[in-house]
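Each structure below appears as structure tokens.
Two complexes follow with chain A in common, the first pairing it with chain B and the second with chain C.
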Partner chain A sequence: MRNKILKLISKQVWTSKIKNSSTLWLIGIFNGLLFFALFSGYKYLVNQQETVEHYSLEVRERWENRPDKHPHRMAHYGYVAFRNRFPLSFFDFGMDSYVGNAVFLEAHKQNTVNFSEASLSNGLLRFGEISAGMILQLLLPLLIFFWGFDMVAREREHGTLRILLTQGVSWQELILGKSLGLFALALSIFVPSVIVGFILLIFNEFASENPQSYIRFFFLIISYLAYFFILSVLAILVSAKAKSSKSALTSLIGFWLFFTLMLPKVSQVVGQNLFPSPSKIEFDTNVEQELIRQGDSHNPNDPHFKALKDSLLIAYNVDSTHKLPFNYSGYVMREGEKLSAETYKKHQAHLVETYQKQQNVVRFTAFLNPYMAIKNLSMALSGTDHSAYNDFQNQAEDFRYHLAQTMNELQIKYIGNKVKTSADKKAIISKKHWSDLPDFHHQFLSLIQVFKNEVISIISLIVWTLGLFFLVNYSIKNLKAF
Partner chain B sequence: MKRILRNADFHRFKAKTIVNQKSNPDSYRDLNLKDMLQATNLTKTYGEQKALNSLNLTINEGEIFALLGQNGAGKTTTINCFLGFIQPSGGSASINGVSVAENPLETKKYLAYIPETVMLYPNLSGIENLEFFSSLAGFSYEKDELSSFLSKAGLQNTAHNQRVGGYSKGMRQKVGIAIAIAKKAKALLLDEPTSGLDPKASNEFSEILRELAQNGTAVLMATHDIFRAKEVANRIGIMKEGNLVSVIDAKEISANELEKLYLQTV
Partner chain C sequence: MEALLLKNFLRSKGLMTGLLILFVAGLISLNIGKHFLDKNKEIIEKTAHYQQESIAKNVEFHPKEIGLLLYYVRFGLVNEMPNLAGLAIGQRDINPSLKSVTIRNLEEQKYATDLMNPMYQMLGNMDFSFVLIYFFPLIIIAFCFNLISEEKEEGTWSLVLSQSGNPIKMLRIKILIRFVSVFLILVLLLMIAKFYLAIPFDAVFLAFILTSILYIIFWFTLAWLVASFHKNSSQNALILLLSWVTLTIVVPAGVNALTVNLYPVPEAFSTVLESRDGYHNKWDVPKEPTVAKFHQHYPQFSQFKHPEGKDYSWLWYYAMQQMGDDEAAKDALAFKEKLKKRNAFSSTAGMFFPSIHAQLSLNALSLSDMDNYLNFIEKLESFHEQKRLYFYPKIFTETAVSDENWKKFGLEFYQEKPSLNWLKMLLPLLIISILCVFWAKLKFGKNMMAR
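Up next is the complex of A and B:
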């Protein structure tokens, strides 16, 4: 393969398309659409970041300013954890708008993360969800196919292909050269949005706090480049193989429909049927049933907690819990919290595992479907995938557990055993203890973790890129000059 | 009387050619010159049908060979085998001693091809088309060199920078010739190049072919134009149902005789 020939052919593709005013219009419209998506996504991101920052401060301030009171009352007063947006989330919204943003954290109870954008919006979200990622993954391929479908087929129909081949151009050179030209056209849409995206990223103060945003952006660019290259070569291959340019267009549109609309939906349904997940009510009931089996910390006659009591009385050689050197009900609650949190975690882990299995069915279709690979990878790198959300849930639950146990420890340590109710004067501790609890800070997944989660998508893109060279070499054997 | 004589001449002639073809199809060839286009037992079958049946043909450098025959006689198949666009079912085609099937890219260096209608990029000018195709063949020419190739091929100077979309068929044919000249092709394959050209354009075309041949280019031309073939070619072959049935020295036959022979053969 000669570089000079590749350059000549790709340049010819570029110049002949650019001469056409409809091409310029399309490039302009796509760039406009992308800029709009990037700016509106960015505005929304900044808005969210400011909201989270503002309310996080307020939650903390209110927590620290609670008056002196019984620590368990504080445990029920609770805390609110807010989900932070990853600085790149303006590029690809992913699941961001459909998962909750805030969760109320209190003792004994694992609440659902609430207030997703979708649950709060009036339906306009259906129109508003145009992210740069979506345009690049879904619409740009359509444009690549539209530009590329006739690039070989038309020359064959027209007769220039025969002269081209007689001039000593090999099929490999022709296909790769045309693909590179088509790829360059795709870049005329991708590159400006990358530049704008990068500028927006630099301007975001949260990006400098999370330097991995830049590294993630770099890999995001590489992934999209691979995706567009794969699609360009595929379009040209189909054009070269097809009997006519018309049939090439039909096949490509068919592929597009199948791979972007049908296959993802079908694989999703298959995943859900192969690995059924419980509904929210079912899940809560299961957790509760297991908790009841284990014991009820609020019931003094519960066998589990009675055994605990008896062993404590023997160990401290006393005949009543009132004579223990620490607050007994705090001790029981600490034990109860530990049990319930473990049970919840176990169930939650199982649920997440089921979700993971469902998603893996979809993920594995990436080996058939490069769209799936880029979709998952783009979401993961933008920090808007399910793993990022799940990680937030785990962090919030860990914090909740820590909060409840910190309050229990305070109760065990500072509250006397003789107090009757939490309203009792002796049952109140100083508000200065409240600040012992560290603030909640949502941390983002590490880059390595993201790569681990998306290893299938990454391998699939690499396999596709390398596989194309084999595919080109294989299919040229049966190509026709006329 | 005259007519009988002619018929007698014709039969004598026919007998001679058939004998020649069987014993040695190259009997009219100047064996001192280098073989440029060579087909050896070249066969192409589509299912049951033989499009080309064991064709043996050698064309020297500087020689013009015209292939006559009805549509479907195998003329275009022969050309496509030399171009490497068709894989022969048997036998081989070689150009300048290099097998087409084994070295398709190597053989294309020696080749130029002018189809019935030379198709070019309509948005580019004649000179831009020539530049593009020459660069693909590995040549880089200056603008004035490209222009001189076009002039040599007979394209008027005013048309060089006009869009090919507005060219007549004859003008595009000339750009095709210019591509061949610019490539310094040793062998030229022509598939009914003059069909649809007006007599003047057709005549100019013949002139250019003769010039190219004088400079050593071997020319294989499939055509329906018996008179043009007689005028421009050194040898003329007539094909029927995939077989090369006669090969005649163009000097030894008049156009009328050739037409008769053609009609009797096919």
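Up next is the complex of A and C:
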């Protein structure tokens, strides 16, 4: 393969297309769309970041300003955790709109994360969202196909293909050269959006707090480059194999429809049927039933808690829990919280595992469908995938547990054993304890974790890129010059 | 000539494959809808059973104080799903169709969500409305993009011009044959749906059918308009495909982005904070003002007083809970108003775009839209209120738990009647279609003259 020839062919593709005013229009429209998507996404992100920051501060302030009171009342006053958006999330919205944003954290109870954007929207959201990611993953391929479908087929129809081949250009050079030209056209749309995206990222104050967003952006660019290259080569290959340019166009559009609209929806339905997941009611019932089996801290005759009580009485050599040197009911609650949190965590982990199995059915289609590979990878790098959300949920639950147990510890340590109600003066501790509890800070997943989660997508993109060279070499054997 | 054109159409392998694809995709979508309806039914049955069980268990655990018992007991309200929702699932897979609440403050309970894999919601359902809105137009485009250009490119156009006095008539028959074939598939699918999903044949279903038909008519008129431009096949295909991408992907997403940016909903967060403080802060302040505010809200309960000097009473407890709702009421109302504004904006904007308008109309008819959910929440509020009013006097007079027949508290159902505004539903689609035909007529007139 000669570089000079490749350059020549790709340059010819570029100049012949760029001459055409409709090409310029399309490039302009796509850039306009992308800029709109980037700016509106960015505005939305900043809006969300500010809202979350504002309300997080307010939650903290309200928490610290609670007066002296019983620690268990404080555990029920609880906290509200808000999900932060990753600075890159304006690039690809991913699942962000479908997952909750705020969760009320209190003792004994794991509340749902509420107020997803989807729950605040009518059916429009379901048409899909306009983000740079969507345009690059879904619409740009259509344009690549549209530009590429006749690049070889028309040369054949016009008879110029034979001339080219007799002049000593090899099939490999022809296909790769044309693909590179097409790839360059795609770059005329991708590069400006990358520059704008990068500038917006620099402007975001949260990006500097998370320097990994720049590294993630870098990998995002590489993944998209691979994606566009794969599509360019595929378009040219189809064009070379097709009987006519018309049939090339029909098959390319057919592929596009099947792989971007049909397959993802059908594979997720298959995933759901293979690995059914419980509804909220079932989930709660299962957790509750297991808890009752383990021990009900509200039931005075419960064997688990009765054994606990007896062992305490023996250890401290007293005949009543009132005589224990610490607050007994705080001790029981600490045990109850531990049991219920462990049980919940176990079920939650199982649920997430089921979800991941469902998602893996979709994820594995990436080996057939590069669209799915880039979609998942782009989402993960932009911090808008399910793992990022799940990580937030875990952090919120850990914080909730820590909050409840801190309050239980305070109760065990400071509250007398003889108080009747939480309103008793002896049952109240100083408010200075409240500010000792650290604030909730939503941390983002590390880059390594992101890569681990998306191993399948990364491998499939690599396999696709390498596989194309084999595919080109294999298919040129059957290609016809006329 | 008609017979010849029909024969030609029936013999075309590509066209028949197109119809077959539509039919199969439609059948798959019906199955998905059926599955969705069944799952919903199953959840309701399970919950009905679970509610009875849970009430019985709680009555057994807390037999002494009805105030304590009602801290735990949950009452379920079902937002009934018509079978038609199997055809247009809409927001039903995001917003739960069943909510179980205690009589404690509602704000902390009403926004609870169901468990759902977000990947599933993101990729969306392949329900019938999806097949109608995305797939039907594509097949229509494939059928019609070369209505004239095919004849020109195959060299038969001059033959048509010379042999037939009225070439437009031939084109009309050609497109009519295509329309009838697609129409038949649509009607066939809807008839299968009627029996498979047991949809009652009523005015609502009729409206659903008419909207679907008008939507495909719109695409045929658009194809007719593009044919009138007398461009070549690939240009026609490009124009039609671009229209498809614009109408089904770009514009809806753009309108959505606009809605989200125009109407942000910070009220969602402030409601949570207000309601939390409204209730929890009352533990730290004197009891009298709380009880007084409660009496102000419910003068009918003025005779019940908090026993002086007591640390605790159920009246005071439920008065505190009530304050959680009362103090968040302003924000909650603002929140609801914001959602209604969002809704109104997008459905008005949607009237100009057949894809959006059709989708939103189908969702509204199937009671799977945002309006239905907001109505359900309002119903939930009154359901909750009614439970409170029923139990408050019993709690305050400390009625014995055993005096109440707890078995009678089964699930309750909310059934909305879809409002049928025929003009608003059908007119936008009709007007746009007529405009296309009219414009095409002008173009055909000019282009034929020039020949």
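We take it that the second predicted complex is superposed on the first by the 475 of 482 C-alpha atoms of A that agree within 3 Å, B and C clash if a C-alpha of one lies under 4 Å from a C-alpha of the other, contacts with A are read in each partner's own complex, and residues count from 1 in each chain.
Criterion: a contact is a pair of C-beta atoms (placed from the backbone, for glycine too) under 8 Å apart; a residue touches a chain by one contact, two chains touch by 3 or more.
All values reported here derive from a predicted model rather than from experimental measurement.
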Exercise for the section: Using the touch definition from the top, say if A:V270 reaches chain B (first), chain C (second), both or neither. Expected result: neither
Exercise for the section: Could you say whether A:I222 touches chain B, chain C, both of them, or neither, answering first, second, both or neither? Expected result: neither
Practice task
Identify the partner contact of A:V463: answer first if only chain B is touched, second if only chain C is, both if each is, neither if none is.
Solution key: neither
Practice task
Give one of first, second, both or neither to describe whether A:V191 is in contact with chain B, with chain C, with both, or with none.
Solution key: neither
Fill in the blank from the handout: Partner touching more residues of chain A, chain B vs chain C, is chain C
Practice task
In the overlay, answer first, second, both or neither for which of chain B and chain C A:I18 touches.
Solution key: neither
Practice task
Pick one for A:V80: touches chain B only (first), chain C only (second), both, or neither.
Solution key: second
Practice task
Considering only touches as defined above, state whether A:V99 meets chain B (first), chain C (second), both or neither.
Solution key: second
Practice task
May I ask you to decide whether A:S279 touches chain B, chain C, both, or neither, giving the answer as first, second, both or neither?
Solution key: second
Completion exercise
Shared chain A footprint, chain B vs chain C, residue numbers none
Problem - Residue numbers on chain B that touch chain A, as the complex places them - result: 83, 85, 105, 108-109, 111-113, 115, 117-121, 123-124, 132-138, 176, 179, 183
Fill in the blank from the handout: Listed in rising order, chain C residues that touch chain A in their complex are 25, 28, 32, 35, 43, 46-47, 50, 61, 90-91, 94-96, 98, 100, 108, 111-115, 117-126, 130, 134, 138, 142, 233-234, 237-238, 241, 245, 248-250, 252-261, 264-266, 268-270, 272-273, 276-277, 280, 283-284, 311-312, 339, 342-343, 346-347, 350, 355-356, 359-360, 363, 368-371
Practice task
Over in the complex, which chain A residues touch chain B? Could you list them?
Solution key: 4-5, 8-9, 12, 16, 19, 158-160, 162-170, 480-482
Fill in the blank from the handout: Per the touch rule above, chain A residues touching chain C in the complex are 33, 36-37, 40-41, 43-44, 47, 51, 54-55, 58-59, 62, 66-67, 69, 73, 76-78, 80, 82, 94-95, 97-102, 104, 111-130, 134, 138-139, 142, 146, 246, 249-250, 253, 257, 261-262, 264-266, 268-269, 272-273, 277-283, 285, 298-299, 351, 355, 358-359, 362, 386, 389, 420-424
